[in-house]
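These are the structures in question, set out in turn.
You will see chain A twice below: alongside chain B first, and alongside chain C after that.
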Partner chain A sequence: MKQMYPYYFLIPAGIIYSVFFLVPTAMSFFYSMTWWTLDDWEFIGFENFVQFFQEPSLRIGFRNTLVFAFTSMGGKAVLGLLLATFLTTKIRNKDLLRSVVFFPALLSTIAVGYTFKSMMHPTNGLINSALSKLGITGPNWLGNPDIALFSVILTEIWKGVGIATVIFIAGIMAIPKDYYEALKIDGGNSWQSFFHITLPLSRPALNTVIILALIGGLRNFDLVWAMTGGGPGFSTDLLASIVYKQYASGFFGLATAGNVLMFIFVALIAFPIFKFLNRKEVDL
Partner chain B sequence: MTKKKLHFLTIVSFLFIFMLLAGCSNSDSTSSEGGSSGSSEGSSGESSGTDEPVTLTLLIGESDDTEGFRAVIAEIEKELNIKTEVELRPGGPEGENVVKTRLATGTMNDLVLFNSGSLLMALNPDKYFVDLSGEAFMDRVMDTYKEVVSDNGKVFAIPNKSSQVGAWLYNKKIYEELGLEVPKTWDELMENSEKIKAAGKTAVIGTYGEIWTSQLPILADYYNVNSEVPDFAEQYTAGEAKYSNTPEALRGFERIQEIGERGLMNEDFAVATYNQGMEMLANGEGAHYPMLSQVLPLIKENYGDKVEDIGVFPQPSDSPDTNGLTVWMPSGIMINKESAHVDAAKKWMEFYISDKAIEIYESHSKSIGPYVIEGVEVPEDSYAAVKEMMPYFESGNVYPALEFVSPIKGPNLPQICTSVGSLQMTAAEAAKMYDDDVEKQAKQLGLDWD
Partner chain C sequence: MSANLPDSNIVNNSGTNKGELAGQVQLETGRKKKKLGLLVVEIAAMLVAAVFFGVPFYFVIINSLKSSGEAASLNLKWPEVFQFGNYKEVLMLNDGIVLRAFLNSSLITLFSITTLIIICSMAGFIIARRKEISKKANYIILMGLMIPPAIVPTIWVLQKIGLFKTMPGIVFLESALHFSFACLLYIAFMATIPKELDEAALMDGCGPFNLYFRVIFPLLKPVTSTIIVLSSIQIYNDFENMLYFFPGAENATVQLTLYNFTGIYGTSYHLLFADVLLISLPPLILFIFFNKKIVDGMTAGAVKG
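Presenting the complex of A and B:
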């Protein structure tokens, strides 16, 4: 087959990709096996990995990362699909509502984190003040180690549901109207239209949302750091924040080893899921 | 047409590679030749810098930004024609990270204010900062201070203010109202706290929202540890003494745990900030705040004369006979080796620790403890709390905090302390975890522990 573009078109992108991704990745594999002070290193084999696995907060980190990724992904997918279904029906002010749903995605994560942090303050925060007006004593959202992680997850869902909704809207709009008409002629109701047409045929959109949300959740860092800093104690530490703290402590080799492990961990979870989901896709 | 395109693309990609290489090599050369380029540029700065105004950049922590400090800087601009551009960074681990990153990437300001003692040692000061041991103005600085800012026989910093103590600040009005006496033992302190709690006030102010503040009850316990185990620092630095195998040191974690278990802290302790803690203490909503005395001038600035209601007592030990203050050496101001204005910075420093500068500083922000500069006395009109601490200094019942007598401080202590205070971890678990943390830091410092 004749190529549509010559190969040298790849050069600029290839250079950027190598310099900013491939080379640093290769370097990080090397430095993860050294004792490193940024301008001096000593090869120590797998000692950093051994030490990283002995990290006492690591168990919490792995558990929290999985909980964070899957819960926020589930929340975004379910809410996003429901919102998208709602926003593709015939309602008034559809464009306005779509913009409102998408709006949180435009904000900086750090700004969202700080805003929710002050709203979730146990005594002076907006949320608990409002709840107390209704006679409910709100929980200590970020101060209680048992629920702090879920407070951050709620914020992440609030922030990420807009993108998921937009992807779902695009997916739903791509479904040919014929299917719905056929269903109508056969006398189907709207539940059937959702479960037998919308849901299976927006599968590609669902897969995209799941993969994006999952990978985003697995390597989330900024929101947790802005809201809790991994605290109270280590209760909301994610893998990324553990790595960050090690880096901040000056343990550069150890932190790099942590990053390599995180890379492998994300890949091990994301690739099989990606494969699995793609197999289930149906052609329109 | 395609040939032209090919040429164009090749040129563009070569330009790209060239730029990237130039970028890499540039950063390499600045970091490796730092010392020599710093001194040569410094001397060129001297020849032209006498008349023309020089601008020095300075990186300081938010809590170091006092009125007195600003007043001295303004005076330096007037007298020496050296303008100082102050940049603020957060305190605690977040701030340490900013400083470490700036140093490692060669983007540090001309002057930097940072902790003395073990935290300074963790920066590898010999590599980044100008040696001041030969400067005449360093003679004014007491040897006790020079010790905590020296490495390999070189001295790197001048003190930014007076020394201070880590202790229990308390609201004297609450003590009067409830008829309480200053506690001499830990049990008495707990009794007092229970009474304060019963009276509907916060007994112990916790501000874990800024996690460095959570460490005070363990760090300020060091006078007590040292009184009972005088060789702890030495053994700890050698990797022999651990928190988990030294019951006297473990007490610090146990005290944090006890405060948590008794529920003595404010409801929002897990998220409250340093500023909120200071407000609670000044307004009498909270009775005790285990804190550094550096908070006093900030209370004065924000809450005026309420600072006179604040008193101080040492963290009590388990015996009434052991009662003394744990002292913090002042933070240091260092000159970046790569600065283009090393000589101007030295002049800046000479003025900063002169009698005149200290007088100006005092007229805005009073000292928070004795000075570490020869011949400078704590003034008569100091804060009430500072007057209360002077007898301990006069009778010699003071000892530096562990971070000034050992080069090792584990970086995760703040997180570990908040885990204990919020009852997610017991004191014994915390001690074990901190021992591991300390060991990692010792490895990174290149200490041989095996």
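Presenting the complex of A and C:
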């Protein structure tokens, strides 16, 4: 039978995946320890990494990336689960609502970023005009360094909650209806059915949402770049935008060190969580 | 969704005729209340959805139809005169750079998807059938799902093989970066295709090429179509990789022209929103036709974990 599954079928995929992904990834570990101009390089040991941890404008990327990844993940998971629970009830317009919530996930991030940037305009923007009608003076969403990151996170949640919702819906639909009926016969109420059936049994869906949202958040570049470009100051700079800035300034070694730190960051955060979540899974 | 009518049931069981009648009356009003409550919830849900998701869309559409001065105030007012010419103006700007961007993005998407489908289905077929390599292969493939590409080394590789800033370069790169997702979908789907088919093909004197092209690949059609729809939206929407690996004025792509838009045309909000709207049309059209495919693809594997 083996001759029906020849290894040479793997060659096209192997070449493309290796040349354009695996080789550059492996190379990055070496070049992150160099001073590099693409034509020429000089080995400088861990100097690039030291610089990443010493310079405040670079170091802030770690904190911002962590805040961004975990806050947006939390928002997507909580809102997604609530929306999914609501959209699996008996309401009639749920298909329409589901499409409406999901559609932003398919839009270009740059388009969403620009749209929200103009809606968050401090004086003319829709959000602050609406707030001023209620007698509230809205903040300078993207201009105030203390809240700019959270404004971007809110936009990220708006864009990504639809994916979390459809994943949760798929999870909830897979829960056998008997469980809910048994609870109803025993006189349980809607709260109990949510906390004792829906929540524990949508665990696999929750895991997927957490992993997807975390990895997406740790790698995020487009949205921050479209909305703030990392500013004001460095208050919204994420690791990915710092890598871009170093690359654009011609510090190729430093940019590559940033890339390597991103790999390590993703691995250190995503892998343990992946393992932990898989261990605690509830069997259906 | 549970706990619908418990109290009316209890009243119903209370025995006497009168009690039964009262119970039925209560049941009726209970149902009416439930229906009314449901209607209120439905209307409230529509309103909330309209505010959070409808308003941004309305905002973009209405402002893309205003004159430059009106659009600059960024409000939701009805335009004085509908400026349908805005769309044409955007497409014709700067010798039609947006039009060229649409052409380039479509070509990149088309070629990348074709490459992706061929390499991933072939690899998925072998990896799924050869159990001895599937575990190791899975690890290597999962890496691509988690780890972001290393920017400068990738540019170095592209330069060395002479593909930096070229169409084939970005096509191969997009195929490599979307390989993991597509290949995993193929591997998972291969499990549903019985091995007996392969044996039958062998009996009939088929070689591996005939088995793959005539038997396996046609059976993979459901996954193939999911990948076509999902990956084409992702590649079309890709900004970061185009910025790094396909820069240059002659290499216009839709997301990059939108990104450069404010830099070149300043605060011409009416044209900016017209561009935003034009760029959002292709995903919208795909979504209308392939709603179920897209959602299924995105939730694939979520239930099993």
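The rule we apply is simple: the second predicted complex is superposed on the first by the 271 of 284 C-alpha atoms of A that agree within 3 Å, B and C clash if a C-alpha of one lies under 4 Å from a C-alpha of the other, contacts with A are read in each partner's own complex, and residues count from 1 in each chain.
Operating definition for what follows: a contact is a pair of C-beta atoms (placed from the backbone, for glycine too) under 8 Å apart; a residue touches a chain by one contact, two chains touch by 3 or more.
This is a predicted model, so every value here is computed, not measured.
Of the two partner chains placed by superposition, chain B and chain C are both touched by A:H121. By the document's definition of touching, neither partner reaches A:F68: not chain B, not chain C.
In the superposition on chain A, contact of A:P145 is made with chain B only, not with chain C.
Of the two partner chains, chain C is the only one touched by A:I163; chain B is not.
Shared-chain residue A:F52: touches no atom of chain B or chain C.
Counting the residues of chain A touched by each of chain B and chain C gives the higher count for C.
In the superposition on chain A, A:S235 makes contact with chain B only, while chain C stays out of contact range. When the shared chain is aligned, chain B comes close enough to touch A:G250, but chain C does not.
Contacts of A:L38 after superposition on the shared chain: both chain B and chain C are touched.
When the two complexes are overlaid on their common chain A, residue A:V19 makes contact with chain B and with chain C alike. Touching of chain A by both chain B and chain C, each in its own complex, is seen for residues 6, 9, 12, 16, 19, 38, 121, 124, 247. The touching residues of chain A, when paired with chain C in their complex, are 1-7, 9-10, 12-14, 16-17, 19-25, 27-28, 31, 36, 38, 86, 88-93, 97, 99-111, 114-116, 118-119, 121, 124-126, 129, 158, 163, 166-167, 169-171, 174, 180-181, 183-184, 187-190, 193, 203-205, 207-209, 215, 219, 221-222, 225-226, 240, 243-244, 247, 252, 255-256, 259-260, 262-263, 266-267, 270, 278, 281. Partner chain B is touched in their complex by these residues of chain A: 6, 8-9, 11-12, 15-16, 19, 35, 37-39, 51, 54, 56, 117, 121-124, 140, 142-145, 229-235, 245, 247-251, 254.
Across the interface of their complex, chain A is touched by residues 2, 6, 9-10, 12-13, 16-17, 20, 31-32, 93-94, 96-97, 100, 104, 122, 124, 208, 211, 267-271, 411-412, 415-416, 418-420, 422, 424-425, 433, 436, 440-441, 443-444 of chain B. The part of chain C that touches chain A in the complex is made up of residues 1-4, 6, 38, 41-42, 45-46, 49, 52-56, 59-60, 72-76, 115, 118-120, 122-123, 125-127, 129-130, 140, 143-157, 159, 161, 172-173, 175-177, 179, 183, 195, 198-199, 201-202, 206, 208, 211-212, 233, 236-237, 239-240, 243-244, 254-255, 258-259, 262, 269, 272-273, 276, 279-280, 283-284, 286-287, 291, 294-295, 298-299, 301-305.
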